[in-house]
Structures are given as structure tokens and as C-alpha cells.
Amino acid sequence: MAMAKGNDKSRAGTPQSYLELREDLLRRDRSLRDKVVSLEEATSFVRDGDSVGIGGSTMSRTPMGMVWALVRAGRKHLTCSRSIVSSDGDLLFASGICDHIVTSWFSQGILWGVSKVMRHHVETGKARFDEWSHMAMGMRFRAGAMGVPFMPIRSMLGSDVRKQRPEAKEIDCPFTGEKLLLVPALNPDVALIHVQRCDAYGNAQIDGLQFMDIDLAMAANKVILTTERIVSNDQIRRAPDQTKIPFFAVDAVVELPFGCAPHECYGVYEPMLRHMEYYVGLVNADPVKGMRDYMDRFVYGPKSWSEFLALIGIEELLEAARAGESIYDA
Amino acid sequence: MAMAKGNDKSRAGTPQSYLELREDLLRRDRSLRDKVVSLEEATSFVRDGDSVGIGGSTMSRTPMGMVWALVRAGRKHLTCSRSIVSSDGDLLFASGICDHIVTSWFSQGILWGVSKVMRHHVETGKARFDEWSHMAMGMRFRAGAMGVPFMPIRSMLGSDVRKQRPEAKEIDCPFTGEKLLLVPALNPDVALIHVQRCDAYGNAQIDGLQFMDIDLAMAANKVILTTERIVSNDQIRRAPDQTKIPFFAVDAVVELPFGCAPHECYGVYEPMLRHMEYYVGLVNADPVKGMRDYMDRFVYGPKSWSEFLALIGIEELLEAARAGESIYDA
Amino acid sequence: MLKKHNYSAAELLTILSARQLSDGQVVFAGVGIPLLAATLAQRLRCPGLTILFEGGVIGAFIEPGKLPPSTNDQRCTKRANMVLGSAEVLLLLQRGYVDVGFMGGAQVDQYGNLNSSFIGDPARPKTRLPGTGGGNDIASLAQMIVAMKHEKRRFVEHVDFITSPGYLHGGETRRDSGLLAGGMFRVVTDLAVFGFEAEKRRMQVISLNPGVSREVLQDNTGFALDFAPHLGVTEPPTDQELELLRELDPEQLYTA
Amino acid sequence: MLKKHNYSAAELLTILSARQLSDGQVVFAGVGIPLLAATLAQRLRCPGLTILFEGGVIGAFIEPGKLPPSTNDQRCTKRANMVLGSAEVLLLLQRGYVDVGFMGGAQVDQYGNLNSSFIGDPARPKTRLPGTGGGNDIASLAQMIVAMKHEKRRFVEHVDFITSPGYLHGGETRRDSGLLAGGMFRVVTDLAVFGFEAEKRRMQVISLNPGVSREVLQDNTGFALDFAPHLGVTEPPTDQELELLRELDPEQLYTA
């Protein structure tokens, strides 16, 4: 029942005991083996009630394909944590698979004001949105990655953000006497991370902005990778200092081109802003019916991820890809 | 006098107060400016009594040229900290510029047993060698880099290594009740780091093994970079995710080809093992006279770093460079 | 009330904020007006100004007309000096490498506290706002410049919720809470520029924008204003400032 | 006393340690015999064995005849799966990703404590040794295999200084000190293979090497030996093991 204890705790924001953490890790098959599965198979690595860490930030390297698949698989009562949450959070709440989001910022994007979908679920008490500072989120994943119960930080002190987070503890530093805030380790039951490339074992290379993905991967008790391309282990070994996540932290690998659509994947494609504008217009006009219409058409409708991509439209995909690669045209 | 307080504290292993740390940083000119100086000029950035952090590890990316220059400049009473200390430590002790080394391991290299030079100085009480575990050294630099007074770790507990380090404090975790060791932040007055390339502002790119150099650079109150090549800021900006140290953490930049000789610089040259064998034979036979002879010939003798390189011999340099670049022949 | 001018309120706001920056500074900027203002300063007077983004970017160069939709998009990294993790870039604030934190604000109070979390009672909020992001970290750890539109409902005596701390309840309360560094330096609006009085740490007007009277300013502010002893009048935007700004944001994404 | 065999003590030591590893394990190895043994196991029976180095390497592949002079040299990274910071690779031990820590030892005691810091009184040491390096971290956080030459002066009742913790003073003392995971699993020498009894946590012989009697072993050990109820006899090195090992270390850098 350690996993159950585990996700109860990470949902409640209290760190797992060290023995529990080590036992959970001991139970994982960390050997060098082929971990490639289909997107549908990958959903079986997430169980109802799990605490789920989501990689990327805002509209960047969001594992949208994996979230999309979990919605289709009808998971229940997930608690999701992410540095900054965008339209992925709308989907998680509106689909009913997640009733609790832990993050520093939650809306579709700065361009579009406040997410009516987030507001609808939080203001009516249908779902919970726990707010931590951005650095606090990072330090919670980092403590989890390091195998310690907390990290000390100097922000959040004095604010109402801190007052709402009794999970954090203030101490007087035993060295300097200064006030410090100890934020509890966050070790999600499972992390969803999208990368540009990895091998079949899960050795993952991330280009450009990393956000909190490395700490998240090392902290989680299970990691599902989606990737633009699965490459040979030889290619990985030719550039070992590009590898950011080691295979033994990874449990499943899914090859999923455009796996962040309609969000961005650094150096591969920029966000598909026409689709995002359409989406935001629809759901912020009516967070209930708008979301239902969107999900019927774009989540439950398509037979496959490729069919979803086709609905976004090949022209927008190509445009996004042209813009994405332009980052290297410096 | 905050710097004085600063180096007293980092010598004593107690963290600086946050205000002191912030004031020290405020005093630095962190603006985007040309920081290129000569090796001799760079020595003026290190004052007698300073606490000096040294980059690289064992025989890898050791800033040997900078250490060599500090010996020639006749600094006094330095306290030096490094992840693992090799023949750089012999030089620091035997030259008399340093009487205190803080590290996890100190000898010339595993191939050559125990350094007679280290033994001579430590066993006779001429100099002090404070031992921390390797991870504890890393966490001390990391706490310093993060601007917090300590990091919690789970090693060193129960050992005599810990008993010798009252600077560290044991606590019962306020979350889990588990015993943890808090290791104090280490913010050296100045860090010496050698990199493969940087621009004139100090934007530094490190290839391959990073050791603890990034945390060390961010922790230190001053950073002196030596580099194989100074490149244009344009070259840096074409590969921003290769940049590991930002310019505003850097105070001086010295272009110094083969700046780690006779040690290694990843991807550029392997250690010059014939010179090392010769050196170790000489000094481990007689740690006093042997070191004196070595320093007379290789440190005080040459007019310049290039003359020192010439004494190592062009053939050994070329061999080391051939081996160094072979790492990319994968 | 600014219709008589040849610039929009947002343009004025951007230009006045840009003037608060000086060359060589390391500025942690949000997108929108802060980024625009920092880029404007960079191109006008401060070639050595370094812009940091929360997404993990040091030394961003924004291309005119290619403003990033957030601080986490790849556009933020184009020709940057360094790309790093989000936690790492935020930790630069904590270590003390950042000279100025530069943000927008939804609601501010007399002590410079910012609210971007809740309108109304947090327990039963009228509106749940997106939250702090890195705002709390920046305001807790760096000296702050805030640029915001001046409206009575945005300038209140006490914010509904302190998301990003200013001087909390004034005096030493910020320091006593454990926030030992940083604090509010300037609030720039389309009506005036504000500083904070050294003792009480309360907001005070240091200069009025062109054509703005004390009365108009007070009418648009939700608390009784203090005025600095030597009240200045803001220099209006120059043609050069306006031209350059319009190059940077041709579609008026943020300066409409 | 092993002269009658067609292999050296160091070769035996390496081969016996290699047999302690199994496929799929993640092994944190020191240079010298641990690295040789791990590489031998990798090529012989454990293609999926992953070797970690303190310098910051995951999945090292050692090329025969190109043994690295330390765990911090670039040779350690040739065709590795990942290169990372030294603190990061050590933190993998703390998080729990490492199955086996594999080190050599200078001095060990009945509870598996290792000393690599001081011979004699630490206050006035007869010999100052190089110190722990990552040894203390590995022994504190992972299950350990130690490979060392068997000499009376190296096998003592109490080490002069506990650099890398075994079971400290036996029983629950390790756990009580705050070390909640890991611990000594095997000590492999050229004379025997040792485990640790579950209650007292004291070293016990689980098998004798070919041609070694209980008496000879006791004569070469500085404390009274316990023997496992079902004492085994070590299988001698096979020709395949010896051939492969000699390919890996042709100059007998570590196996002389």
C-alpha cells in the first residue's frame, strides 16, 4: 500500500517517508530494457487517484497528447502538479479526470486573460487549485529529486500565498537565525514529460528550455515519456551531455510526433496559435458548453492522435514547424 | 569589512548572513562589459586570506595555470575548497600560499597512492585538510549558489567524517522526524574555473563533465575564468543552451590555452601522464626537496605559461591533444 | 483623459517605465509592458541591459514584431546568452544577481502589495485569478518596478490578497516577516510615478504625468495619496521613444 | 599463498566480485578493481548492467586497455548514455536509483566500516590518507560490495576511523544514526567471500576461496571470524573469466 500512502501524501502536500520512497523505487524495474508502448498502453501507467506531475510550462513542451489520451481513458480523481498550467488544466478539469491542480499560475495564456474554465471549476468548488510560488514548485520537485523531505527558500514569506499553504513550515535557521520557509518534497506517483528525442530505453535528450522537467523526472515514482522521435541508443551515446533524463528513471516511452499540439515543442514547432485562439474563444465564451463541444470534436471525436492533428490542419502544423525550426536560424 | 567577515566565515565553515551575501554581490560590477585580463593581472583578484573555490575535479579541468600564477604572485594564507584535490593541492601547500584545504579527497591520483606532499604538511601540522564527503562538498556549494544557508543531506551521518565536522548540524526533520544533516553553505570569496570557451563578458560554455563548477561559480563572491579560447558573443548566442555560467557571475576572463596542463581539459587534451609520472616520482621521493626542485624548474623558472608548456614538451602536448579530441570520435 | 495626447496610455506607461532602467542592469521581466519597456530601454539608452525571463533565459534579444506570447516560449531564447532551468533562473533572484524585478499588476495597495490571485474573499472568491507565477518570488527577492494601468479599483487601500509582497503592512513588517532583501522601488502608471516613503514604506507620488492634476490622480485612487515634498512633472514621451516603441510592437499587441 | 594458481590474487578478487553482480543492475563503481569487475560482468553475463561514475557518468562503456586513471577523467564518458554534474550523480544514490555501490577498501572492521582517512589517532595521525571522496556517500546510501586484498592489518576489529559506514557498532546502530537505507552486502577478498549476519550485523564468512582453510583465513584476519552455517567453497575462476579480464587490463594496471 506504499503507493497509496505515496499518492495520499503527495496529494496532501506532505513528503513521503524516506523508507517509503526507497521501497517504491526498489519495486520499479529499472533495468536497461525496451520500454516502447503505444499511447493507449501508456495510459495504464496512470491509476485513478494518482498524483501526476506534468512537464513543460504554459504552452511549451506540454505533454498534450498524453493528457488527451488520459482524458479518453477516463481516469478519475487525479491530482496534477505543474510549474505553470495552461489549456492542459482546462482539459483536466472539464473532462472530470482531475479535481485538484497544484501550480503557480493557471490560465490559458497571458494573451487571453483569465481562463473561464479554471474560474468555473474553482469558483463553484467543483475542483481545487493550490497555489505555490513558481520557485516553490521548482524547489518541491527538486527536494523530491534529491531524496530529501524539503528545501529551504526565502520567498512566499509574509504573503497570503504562504498563509494558504500550511503544508510549508517556517523555521529559524540553525546557522544564521534567519526565517526560512521549508517547502515539502513533491514526489508525484507518475510524471508525464514530452521530449524532442529519446531511445527505446528512455534516455531522453531535451533541447532548449528545460523548465522543471529534470527534477520532476527524478522526483516521480514513475515516468512516462512521449517523444517526437525515438532514436537509437548509439545516437544518444554520441552526445551523452545532451541527455537530460537517464533511462532508469523512465517506465514507458511513446513516440508521438507533434505530441505537444496545439502547444509548442522547442526547436520543432511553435504553438498553433490559430487553433488556440479558436479554442479560447469557444471555451471562454461558455466554459461548460464550449468545453463540451471542443472535447467532443477534438478529444473524443478523433480515432487517433493523427486524426486530431488532421483536425488542427496540416497548414497550421507546417507553419508551426517552420516557426519552430527558425529558432536555430540565428 | 563584509568581505573580511565573509572569508572568515567561509574559512570557518559557517554560512554568511543573507544580508552580507547580498551586500557583497551588490558591490560587484555585474554589468555587461569586457573583462579580459592577463594571467598576471588576474592574480590581483585574489587577496591574502581569501577563501578560494577551485573548479574541476582530480586531474580534470583543474585551473592549473591560475594556481601556478597565484604561487608566482606569492599570495598568503589562502583557504582552498574543491570537490577532489590532486597535484594542485601539493602546489598550494608546498608553495606556502595556502595553509587550509577543504575537500573530499586529496592525493595526486588513484594511480599513485597517497601524496607524500599532503602527508608531510598535514601530519606535521603545517597545514590543515578538512574532510567532507563528496556529496557534502557539492551540497555546500549548491546552498551557496542558491542563496540559502544550508542543504539537508542523508550521508555522513554516523561516521567519524561527520564527527570531525561540527560545522554541520543534525536535525530531526520537521516533516518526517527523520535525522538529517544540514551542511553549511560555502560561498568562497573567489572561484577559479577553467572552461573550453567563453566570450569577453564571461559567458562560459563547458563541454562534458561539469563537476561542481556551475554551483561553485554561482556561489562565489567573485569568479576568475581561464579559458582555452575567447570567442565572440555571437558564437555564444548561437548555442545559448551550451552556456553554463552567465557573464554576470564572472569578474575576470583570461585566455589561457592548455590552461589545465599537466591536467586534462575535456575534449581538448587528456592529462599529460608522462609529466605527472615524473612529478609524482620526484615529490613522493622527497616531499620537501622534490617539491622545491619541481617549483624552481616549472613554476618559478619559466618567464610565462607558454614557457612552462614548452618545458612539458610539445610532443606530450600534441599527444594529450590527440587523446583529448578522440572523445568525440565515437 | 489622455486623448489629447499623441500616444496611448499603454505607450506612456511603457515609456515611463523604460526610463526607470539604467545601463548594465540585470532585469527580471514579465512579458507585455515590462518586456517592451526593458527592450525599449535596451535599444534607446542601455545597450548593456540584460533581460531575464522566468522560463529560463538570460540576455534575451527581442526581435521587433516577434514578441513572445509568454515567458516560457522558445521565442524568448532567440539569440539569448544562456538558457537554463526555470528553478535556476528564479534562484538567481534569491542569490541576488538581479538588479530589478519588473512586473505588471492587477491590483496594488498603499504599501505596494500586489494581488493576482483572488478578487473578493479567497474562501469564496468573486474571481479566481491565475495566481502568482514567479511574481511572489520576484517581489520577495528583488527591488521592484511595477507598471500598471491607473484605475480606482486597481489602486486600493488593502489588496484582497497579498500575492506578491510589497512592504506588507508598512514600516518594518516586510523585514520582520523574513523578507530581508528587495522591495518596491517604483510604481509607474499612466497618471503618475510613485515611490515609497522611507519610514512608513507607504506609496507616495514623486511625479505627475503631463496634464494630470493632484485632484484627478486622487479621484482615480482608492486611498488617500501622499505627495513627495518636491513633486516633479514627468517629461512627456519623445518622438524617438514613441517611434522605437511602435517598431517593437507594430500590431500594438500590448500598447493599444 | 595463491602462487599455485594460474591467476593473481587481484585477478581472483576481480572475478569473484564480478560474480556478485546481476544483469540490469545500476552499479556505482570506483576505478580499479570495482570498475574492472563491473565491466567484466557486463561483457560476460550482464549486458544490461549500468555503470555510474562519481565524476558524473551514467552507462559507461570501458574500452579494453583504455582504463581511466580516475572516475573524473574524460575516458569515463566515452560512449556513455549520460554525462551530468558530480553532485547530481551522487544524489542518484540518495534518491535510491543505485542498486549496488562497489568500492575497494584500505581497512575494514568486523561491522564492515571502512577507513580511508587516518592510520593511527586522527588527532596525531601516523598516516593521513586521501579521505572519503564519494565513499562515505555511497556506503551511507546504497547496498555495498567491497573488494579488497586480504591482510591482517586491513581486517581489524575496529577501524581507526569510520570514513565509510558499514553497520557502525552492529545491531541497529546504523539505522539509529539516521542511515535508513543501504548497508554492507558483501566483502570479497582473495581469501574468501563475506556477508553480514542479520542480527548483530557482524561480518561472517559465506565461502572460502579455492585452497584456503578456515585456519589460514583466521590467521590473516585481525578479529575472531564467524562462519556461516552452510559454508560454501568458491568456484575457481574459469578460463573465460580470466581471458576476458586480461583483455580488459592488458598492462595489468590493476590486476598485477
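For reference, chains read A, B, C and D in written order, and residue numbers begin at 1 within each chain.
In the analysis below, a residue touches a chain if its C-beta (ideal position, glycine included) is under 8 Å from a C-beta of that chain, and two chains touch if they have at least 3 such contacts.
In this text the structure is predicted, and so the values were computed from the model without any measurement.
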Measuring between Cα centroids, what's the chain most distant from subunit D? C
Interchain centroid distance [CA atoms averaged], subunit A/subunit D, Å: 40
Which whole number of Å gives the spacing of the CA centres of subunit A and subunit B? 38
Between the Cα centroids of subunit C and subunit D the separation in whole angstrom comes to 58
Which positions in subunit D touch two or more other chains at once? 57, 77, 79, 83, 91, 94, 180
What parts of subunit A, by residue number, touch at least two of the other chains? 18, 147-148, 153-154, 178, 180, 208, 237-238, 241, 330
Pick one for the touching-chains graph, please: line, ring, star, complete, other. other
Interfacial residue positions of subunit D with respect to subunit A in the complex: 23-26, 48-50, 57-59, 61, 77, 79-83, 91-92, 94-97, 99, 180-181
Please output the residues of subunit B touching subunit C within their complex, sorted ascending. 18-19, 21-22, 25-26, 29-33, 145-148, 201, 203, 218, 233, 236-238, 240-241, 243-244, 246-249
Touch list for subunit A against partner subunit B, complex: 14-15, 17-18, 147-154, 169, 171, 173-176, 178, 180, 182, 184, 207-208, 237-238, 241, 330
In the complex, subunit D touches subunit B at residues 31-32, 54-57, 69-79, 83-87, 90-91, 93-94, 117, 122, 125-137, 140-141, 161-165, 168, 173-174, 177-180, 253
List the residues on subunit A that touch subunit C in their complex, please. 56-60, 83-84, 103-107, 109-111, 114-115, 118-119, 122-123, 129, 131, 133-136, 138-139, 141-142, 153-161, 164, 170, 178-181, 208-212, 214-215, 264, 266-267, 270-271, 273, 324, 327, 330
